[in-house]
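Naming follows writing order (A, B and C), and every chain is counted from residue 1.
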Amino acid sequence: MLELRLVQGSLLKKVLEAIKDLVNDANFDCSSSGFSLQAMDSSHVALVALLLRSEGFEHYRCDRNMSMGMNLGNMSKMLKCAGNDDIITIKGDDGSDTVTFMFESPTQDKIADFEMKLMDIDSEHLGIPEAEYQAIVTMPSSEFARICKDLSSIGDTVVISVTKEGVKFSTRGDIGTANIVLRQNTTVDKPEDATVIEMNEPVSLTFALRYMNSFTKATSLSNTVKISLSSELPVVVEYKIAEMGYVRFYLAPKIEEDEDENETKPKV
Amino acid sequence: MLELRLVQGSLLKKVLEAIKDLVNDANFDCSSSGFSLQAMDSSHVALVALLLRSEGFEHYRCDRNMSMGMNLGNMSKMLKCAGNDDIITIKGDDGSDTVTFMFESPTQDKIADFEMKLMDIDSEHLGIPEAEYQAIVTMPSSEFARICKDLSSIGDTVVISVTKEGVKFSTRGDIGTANIVLRQNTTVDKPEDATVIEMNEPVSLTFALRYMNSFTKATSLSNTVKISLSSELPVVVEYKIAEMGYVRFYLAPKIEEDEDENETKPKV
Amino acid sequence: MLELRLVQGSLLKKVLEAIKDLVNDANFDCSSSGFSLQAMDSSHVALVALLLRSEGFEHYRCDRNMSMGMNLGNMSKMLKCAGNDDIITIKGDDGSDTVTFMFESPTQDKIADFEMKLMDIDSEHLGIPEAEYQAIVTMPSSEFARICKDLSSIGDTVVISVTKEGVKFSTRGDIGTANIVLRQNTTVDKPEDATVIEMNEPVSLTFALRYMNSFTKATSLSNTVKISLSSELPVVVEYKIAEMGYVRFYLAPKIEEDEDENETKPKV
């Protein structure tokens, strides 16, 4: 039996908004340590990893490990029916083909039960090895979202280049080119406004803006985003979920040849 | 001659927004007692009844009973041109084929006259008999609108079940089922937040959500909605218009056979 | 070499929003006195004239007169990437086929360079003669925008009639007619709320609402709009840009014959 009671139910609503456009169907894995998900996006290019640790729930009961296959679009439809201040409880039974989401209003005057059919989903759990990154940029998540959106109006890919002084986001398209430079800045009034660069060596990598923009749907989950970069490793774009865990997005860089080609040959 | 001056002109704007999607053309009936309308929706399933009593107008002159056929879409277009703080005056003449809406800004610096062509509309005035209802639920209108909208994302019909303890709204669809229970609650800070149940006997009826959602376009007219239910009588969904009257929507329940069919046979 | 630094960069963003739907491609003319543009709309009916005087820039360097052909849609895409509080610098070089827009955030922590390709555009600079107008109406720009939008829901053209007492905006369409009268009013709390009429002789002219609505995209540039009217002269709809210049729109009236025809023959 499974019963997970999350007082700040809006977190689960935001998690679904963050990942539902990227992933159609996925297995949620429940164990004594937490509620998690790992899934490739529907075009098998990006990877999403979610963790909500058991300590973050007001009540967490998971008698034995369970994997529940859900259609994230349908799950999102149901969670949208929860109020932003509602307490959300996820309930499941061994062998049952449904999961129940219970929403309680803060005053307890309104109680809703939404029962959703589960799916059988084949999936392979990928081991994601710990890695050393050449550069890690921590910056305001809203700024990252703004930059990805702005560059998308000019081009299709973004080159992220990190030096000790700052991080540069560049693109080029038919109408011209764009470069946006953020300087390292740790002397801000609010810590979440800081741009912090931890760098072992300079790095410059190219990514598809389409996926970056998709990742920024997680912006409401956290004031900051952590971008970990290394040549020939997928970038990790991580949004922490306060006190509970994270949503991490992984995306492989475009290979250098492609990038050089873009840099030297003018687009027609 | 007809001249009806409504200081709170925004009420008339809201009335039109509430009914214009349900009813295309309708006769407005003016008598010494008030300005009223009764009309079936365009698919002849739901009935709308509006009353604005003469006492609610700052000035009310209606020399003899008149019936004015209007296209509600066109009337709404004109009323949208009135400011929310404008005074609205409705003017008509016996035998004229037009009606005039005059909008005066609070400062009297802007005066607008909109003249609309009238239509000949055949309509039969239905007598709506007074009836005893098995259960009457009064609840916040925004909560009712939210519930109808939420359930529409799951299914097409809503079962409304009233017991002494509360009212339950249920639906089912391809992706699962939903039940939302509101408890009777009269100990609230603001009276308009109360959920009050007056019940002679328990009742459970099924309605098309499409119409319920359409009725909730009247939500801005009143903080509360009153839902009167009896087996084999149309439900009445009533929004009071402060000090002046009401908009009432009538909708026949779906017959029990249909409901049972839905309950037992799985949808494909 | 050209380098124009505008501290209130949002002004340039608003200018582009005001004119980009009317004009596709245009030459911006830079001289020692200012940054200006004159262009016909794409259907060659309306004329736009923009002036940003050099004194309005924090830094203004223009070594010799330059004309830079830009696609306003692309320019708008780039300017949308500037924050509302950003300082915008326009940079160009003699003979270069690009222009650079630099955006600096108020804290200087974010610096963006957008480089846009220039175009060769044939254009003839029209001399706009100074003229005496029969009537000049100054009114709140938001009120003018509201009136044009409201009348568009009824008809296609607006008759603007000025007398000493006020200005009347009229239209007619299939569903009826509309007249909106604004009285001269100079005794208002805020000067920008005034409606001021300077009149040599009464005037009544007809214009296409489609263009008027397009002009009102400049509403955010100024709290007031100045409308200058004379028979057989194009109307001038002017939005001042604080301390710097203006955007002016010119539109020829519809000829009287057309108007009379509209007035006497009912539309089918």
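As a working rule, contacts are C-beta pairs under 8 Å (C-beta built on N, C-alpha and C of every residue); 3 or more make two chains touch, one makes a residue touch a chain.
In UniProt terms the chains read A, B, C = DNA sliding clamp PCNA.
Fair warning: this is a prediction, and the values are worked out from it, not measured in the lab.
Asker: Could you work out the angle of the rotation that brings the CA atoms of chain A (DNA sliding clamp PCNA) onto the matching CA atoms of chain C (DNA sliding clamp PCNA), rounded to the nearest 5 degrees?
Answerer: Chain A (DNA sliding clamp PCNA) sits rotated relative to chain C (DNA sliding clamp PCNA) by 120 degrees.
Asker: Between copies chain B (DNA sliding clamp PCNA) and chain C (DNA sliding clamp PCNA), are the contact residues mostly the same numbers or mostly different, with half as the line?
Answerer: different
Asker: Can you give the whole-Å distance between the Cα centres of chain B (DNA sliding clamp PCNA) and chain C (DNA sliding clamp PCNA)?
Answerer: 44
Asker: Residues of chain B (DNA sliding clamp PCNA) that touch two or more other chains: which are they?
Answerer: none
Asker: Would you mind writing out the residues of chain B (DNA sliding clamp PCNA) in touch with chain A (DNA sliding clamp PCNA) in their complex?
Answerer: Those in contact with chain A (DNA sliding clamp PCNA) are residues 143, 150-151, 153-154, 175-183, 185, 195.
Asker: Please output the residues of chain C (DNA sliding clamp PCNA) touching chain A (DNA sliding clamp PCNA) within their complex, sorted ascending.
Answerer: Of all residues in chain C (DNA sliding clamp PCNA), those touching chain A (DNA sliding clamp PCNA) are 71, 74, 77-78, 80-81, 98, 107-117.
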